[in-house]
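After this come two complexes, each holding chain A, first together with chain B and then together with chain C.
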Partner chain A sequence: MVSMSIVTVQLGQCGNQIGFEVFNTLLNDSHSPQGLCCKRENELYQVSCKERFFSEEENGVPIARAVLVDMEPKVINQTLSKAAQSGRWKYGQHSYFCQKQGSGNNWAYGYSVHGPKHEESVMNLVQKEVEKCDSLSGFFIIMSMAGGTGSGLGAFVTQSLQDQYSNSLRMNQIIWPYGTGEVIVQNYNSILTLSHLYRSSDALLVHENDAAHKICAKLMNIKQISFSDINQVLAHQLGSVFQPTYSTEGSFHYRRNPLGDLMESLVPHPEFKMLGVRNIPQMSESSLAYSTFTWTGLLKHLRQMLISNAKMEEGIDWQVQPHFSGHPTLGKMSLNKELHFNTSIANLVILRGKDVHSADLGGFKDPALYTSWLDPVNAFSVWKTQRAFCKYEKSAALVSNSQFLVKPLDMIVGKAWSMFASKAYIHQYTKFGVEEEDFLDSFTLLEQVIASYCNL
Partner chain B sequence: MTQSVVVQVGQCGNQIGCCFWDLALREHAAVNQKGIYDEAISSFFRNVDTRVVGDGSSISKGKICSLKARAVLIDMEEGVVNEILQGPLRDVFDSKQLITDISGSGNNWAVGHKVFGSRYQEQIVEKLRKAAEHCDCLQCFFIIHSMGGGTGSGLGTFLLKVLEDEFPEVYRFVTSIYPSSEDDVITSPYNIILAMKELSEHADCVLPIDNQSLFDIISKINLMVNSGKLGSVVKPNSLVTSSAGALKKRQEKPFDAMNNIVANLLLNLTSSARFEGSLNMDLNEISMNLVPFPQLHYLVSSLTPLYTLADVHIPPRRLDQMFSDAFSKDHQLIRADPKHSLYLACALMVRGNVQLSDLRRNIERLKPSLQFVSWNQEGWKTSLCAVPPVGHSHSLLALANNTCVKPTFIELRERFMRLYKKKAHLHHYLRVEGMEESCFTQALSSLSTLIEEYDQLDATKSMPMPDVPRLSIAV
Partner chain C sequence: MGRRRRGSGAAGVGALPEAIAALSRALPGGPSPETFRRAKFDRPEAVPALRRLLLGLLSSLPEDGAADPDGQARLLRSALCARGYPRGARLPESGAGGSRELLLALAWLLAREPLLERLLARARVQLGDEVTACQRDPTPLQCELQARPCPPAHGVDTEGPVDIRFLQWLMGKLQIRWRTLASSQWEHCALLGQIHAYTQGCHSDRELGHLSVPETEALRDPEGGQQLLWRLQCENKRLEAALQWRRCELLFWQWMDSVLVTCPPEEASRPPTPPRLSGLLLSPVSRELELLSRELQTLQEGLREAAGPLRVAWEARAGARGPELEAWQQMVQMAVTRELVALKQTWEHGRAPPQPHGPCRLVQSQAAVPAGLGLQAAELMGVLRSQEACLEEALSQLQAQCQQELARLSGALPGLLWILPSHGRLAPTPSGTR
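Entry: the complex of A and B
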């Protein structure tokens, strides 16, 4: 049985840099000799990964099912040659589109100028990739929301994909900027991006730079952290979710359509489509050699990371505990109140490695973890494989649709709103046809999203 | 990749321009050792096969044949331009890029702006178009001029309007040299205020630079070098050698060293757009991030470490010191104190061996000591360019949109008023055709409006952080 394929569209500097790391991680993992499973199983895993993310060329070098888009050439050139230099995989020869002049951190420029102007060229490249797939599951759209090209053009391209491939799924991999200091207009660009994607994407898988930075510093023990380090953490997160897993309990067939299955279990309502990933364990290779793990320990930590909204296993707040099961929640959550307990809509746990069948997931089936209108039976899913991921004998990933983003989202909307009230920078957007009305629409939509998540 | 065209106007503009081309060549020679014409070089130079007669001989790929600066040189005297044409840089320019006159503007803005403006408009447009035609994606004009004299200030700002009309899509970044207060041109306050109205109305970004600050920085570097603080590896005279090739005769004068600082500013400003890096910053991102309101586009710059401005080899100091220095008063290129004024926005452009975590750590460290406007508390824009300045491991250019420019502007207004009240020297201006008294009053009110805008922002400093009520949603 073949696996359905995913076409990746990587946009802007951030999207292209991360896209490279993702494919590199996927391929390195699937070719790793340390899969800790039998040869046949390893082969099936490899085949499944390859069908999903790569197409084969004549000389045997896998070609990423990807379209690279940027409005300036430097990053694309760098990305293409890095992939070619790996010798293990590469990008298609004609699968990129770039221009000479970037979007200048201006969402309006990316969305209103570059978007319509280059729609046809980009969509032609996408179509070529789609035609190479026996069966298409959907699209990964990798983009940051801070800049101009990834965010503005990314929002535009997602809309075009919705129009032209309405039966395929669209999952946007959103890189959430640092709280301080990447792009000054990042809050404007972010609210415009998020509000547009909320209308055109099926799910937003959010990766926070601040969280990845902490993981590099605290768990990976990296002293001087580079973008490449951060991007490798994000690529690891994605790989841990989208590498093959068994289709059902006890089966040794790999899941055909992970994107579809994931949406089905995690996005039960269109008002709630913000997803986040957490991984355990995560550590430097040198520490890994001296560590052993049990499923019980890993899952206990992972559950606490979920309910206390910790992005990594260090510094988890163990005080946070669910209300007594069945106890009605005490009043509505107010925005000013600290969100202590992270209530979920739905969770998916993915386990990879040794003795995976013995792992007890009871802790994730507690109704107290979930909003009252969903039964844990529907709200919780688990995927497994005995194949180990990236040198970790045992590892778990958790994709959750929960309140985890309420606070960062509220921050971004709040900062953008206060800037908007002073009318600062608005002239840069109206210059390219994004009016104050459009900002107000975005604010309205996102305040609604915040309120909905708050009231879970 | 995009290209930029440098337009150097007047004596000062051409001298700085000359340093700039010299340093730009050195920088690209150091990075590009194979002698292949690449995209980075193409941003400021075209590659020309000189054996072919005529003009359409640009080569886009392959070996470097002969590099020509993407520049237009304008002066209403011949001295400096002739000197350049006889000097070692003569091959990067040709006569088609020059506009000169012999009479000079007599330190009179009106002569530069009105007389020479109308006389040379057609020629200017033609040369600019030619320069633009050689680019396949022209992104930015860099105008280099001084504010105090007649040509740079008058014709330089006339040019700005021409650029806006002819190339509305192309950015206009202006490097404006302000004379020190002991300047010997009596009418310089008039020239400055008249020019500033044009800068406020027609530039995308202005990098004001104070001659006095440049002088102070040079003195500081000389002191460092001579005190032996930097160790024995320093060659005391090496500072001036970096531009010795350009204008040989002027070696003894401090102007070369001062001009070098400005040239370095332009190199660092464009490095992230020209070279690779893990966090690029294109030129169009500068105004997008640093200009919250159209007229408030005056950016205060500082370059650190200072020794990167000199051609000295010393062991690098603590990296964090570089970030601290960038905010200190005596490293700013105008006399201003950003640390004790209000930040509207700030960009940190880093070159060389500096990692993301160094950048983040320093922002966190410095943030508490800086005051940002309430609606832009996290107003930081950052870039990481992999290629360091020649001979150094790292450098930082900080650009601040900060209300600290206000005192400078107020002082200029006062100097203007001292003359204007007595109508001193006014007749030199009013006898120029097209020049009326209203030009003065309008320029004055334009500056006053600008100062007022900064005032209003400054006034928010003492106010409590406003809590703007958010949109409420019916759930």
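Entry: the complex of A and C
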């Protein structure tokens, strides 16, 4: 059975760099000799991964199903040559679009100037990529949230994709800026990106720079952390979600349409589209050789990471516990708030590795973890494969639609609002056609999102 | 019994056993001819086979839906009553007896509608890749398939109130599935196109030119080819049996008259009531059914009593409310005019060539097909587009009604703040629903 393909659109510096790491991780993993499963299964896994993310060229080198877009040539050139140098895969010869002048961290410039001006060229590239797919599941759109090109143009392109490919699914991978941001208007850019994507995308998979940075420092033991290190962490997380898994329990066929399945189980509700990813274990290769894991231990940690909203397995708050189920009263809410309990709408756990069928997921099926209007049968799903991922004998990933991001979102909206109230930098946006009313619309929408997540 | 007698029967009149044998071969999993004879004498041995046959014909429920004979008997009664079977009250209430009544019910179904044709069409072996040209009035059998009861959604507690967010969640899920379905349909079409292009010139029939998917499969997998052959042979046998039955069905109907005569006369002229369900073996659903039918009866009686005086009062009031009535009348008239114009347009649009109905074989052809032969893809697309336009019109009317209702509600509950969704905001994207 053919696996449905995903076309990736990489936008801006951040999107292009991460996109490269994602494809590199996917291909390295699928060719890794340490898959720890039989040869036949490994072959099926490879085929499934390739069909989804790569198209085959004549001389056998896989070509990423991707379109690269940036307004400056530097990063695109680097990305193209890095891929070609890998020798294992490359980007299509004519699958990129770049210009000479960036967006100067101005969302309005990316959205209102670059967007309409280059829409046709970008969409033509996308169409060529789509035509190479026997069956298209949807789009990954990788972009930063706070910059100019990735975020502004990214929001515009997502809208164009919605118009032209209304039946295909759109998942935006957006990179949340550091709390101590580099760009003064990053909060403006962020609220504009989020509010526009909330209208045109089906799911926002959010990666926090801060969290990835901490993982590099604490778990991977990297001293001088580069963007490449951070991007590898993010790529690892994405790979652990979207590499092939069995279609059903006990089946050895690989899932045909993971993007569709993921969206169906996590983001059907139009007001709850924010997803976060958590992984376990994550460590440097040198420590990996000396570690052994049990499913019970991994899942216990992963569950606590979920309910206490920890970004990694280190420094988990074990005090946070769900209140007894069956009392969906106000008492539960206030108590949970007090203990920083992270309530979920829906969760997806992905398990990869040895003895995966023996893993007990009872802890994730507790109704107390979820909002009162959705029971665990609807709210929890699990994907499995015996094939190990990236040298980890056993590993688990969690994609969660929960209150993970309420606090950082509230903070960004708050900061943007106080700047907006004093009318700071607004003229830079109105100059390019993003009016005060657009800001107000964005604030309204995001306040509504925050309120909805708070009232779970 | 409102029976139709088809054909004079003079051409191929044979013996009665032949007619019954032909019928039993033409029916899916048909009972042995002996069953019919036993049923005439109301013998209990004939019950299981006849009931299985009738259930298969009537309902698309999975067989284990009502495993016990009593449950099956009740199900059958309900299904027949729902179709307006006049002798519903005489059907057996338990699983043990009543084979003659079952035989009569089968004959009623056969006489009432082109049942046999429809069954044959349903079990038809598809050799070509097909597209259905007209979906305006699906036959009742298709309706049954569409109305197949689905398992209840998890978490829907019919007793308590349902959180609106859960409904939105389910709605969203439906939309995502719809989009996935549309994508797979697209993929399916693309693959069909590829197969047709690759096998161009392979078909022995020059008019068709290329192979269909089942034909390609049969070539690729010899075992599958054997199976296909076997299925075609079975279908042929059934078709032959159906033809034979048509030739000698008159005999069958005469025999059925004799069956009807052997029935004891009805005790009293009871009005056709919905089936009563015995109290001991009731499941919660049938208990509710029982309750509902009783309520319905009470309501109907109440309605009859209440309607008379109300009508008089209304007529009196209508006289007083002249202008309002006039406006209303005008509105109705306008709506009727609109409908008429739409109908006329459809008529004029669709009149030119008689449009083919039912399934058509998909054929990719370079050469121009002479007019009147087959259906061009462009024509079919035109029909589909006009259907889409009609549906969209209906949808927007319904949406307008909903908005009016919301506006009305927002007036009725002053303590509550209603925010109507603006365009594209948080509401599910309209593109997803098309």
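One rule holds in what follows: the second predicted complex is superposed on the first by the 446 of 456 C-alpha atoms of A that agree within 3 Å, B and C clash if a C-alpha of one lies under 4 Å from a C-alpha of the other, contacts with A are read in each partner's own complex, and residues count from 1 in each chain.
Here is the rule we go by: contacts are C-beta pairs under 8 Å (C-beta built on N, C-alpha and C of every residue); 3 or more make two chains touch, one makes a residue touch a chain.
Computed from a prediction, not measured in an experiment: that's the story for all the values here.
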item: Fit-or-clash call for chain B and chain C when the two complexes are aligned on chain A; value: fit
item: Contacts of A:350 with chain B and chain C, given as first, second, both or neither; value: neither
item: Contacts of A:78 with chain B and chain C, given as first, second, both or neither; value: first
item: Partner chain in contact with A:448 - chain B first, chain C second, else both or neither; value: both
item: Touched partner set for A:11, first chain B, second chain C, both or neither; value: neither
item: Partner chain(s) touched by A:180 [first = chain B, second = chain C, both, neither]; value: first
item: Dominant contact partner of chain A by residue count, chain C or chain B; value: B
item: Partner chain(s) touched by A:263 [first = chain B, second = chain C, both, neither]; value: second
item: Geometry of the superposed three-chain model: angle at chain A (Cα centres of chain B and chain C, steps of 10 degrees); value: 140
item: First, second, both or neither for A:125, with chain B first and chain C second; value: neither
item: Which superposed partner A:135 touches (first chain B, second chain C, both, neither); value: second
item: CA minimum distance (chain B, chain C), superposed complexes, angstrom; value: 7
item: Shared contact residues on chain A - chain B and chain C; value: 448
item: Of all residues in chain A, those that touch chain B in their complex; value: 13, 17, 72-75, 78, 100-106, 148, 178-185, 213, 216-217, 222-228, 230, 413-415, 417-419, 421-425, 427-428, 440, 443-444, 447-448, 451-452, 455
item: Complex contact set, residues of chain B against chain A; value: 1-2, 39, 136-137, 139, 276, 278-280, 282-285, 287-294, 344-345, 348, 355-360, 363-364, 367, 374-382, 384, 466, 468, 470-473, 475
item: Parts of chain C lying in touch with chain A, wherever the complex brings them together; value: 154-155, 163, 165-166, 168-173, 175-177, 179-180, 182-184, 186-187, 190-191, 424-429, 431-432, 434
item: Residues of chain A touching chain C in the complex; value: 2, 4, 134-137, 162-163, 166-169, 198-199, 202, 257, 260, 263-264, 267-271, 371-375, 377-378, 445, 448
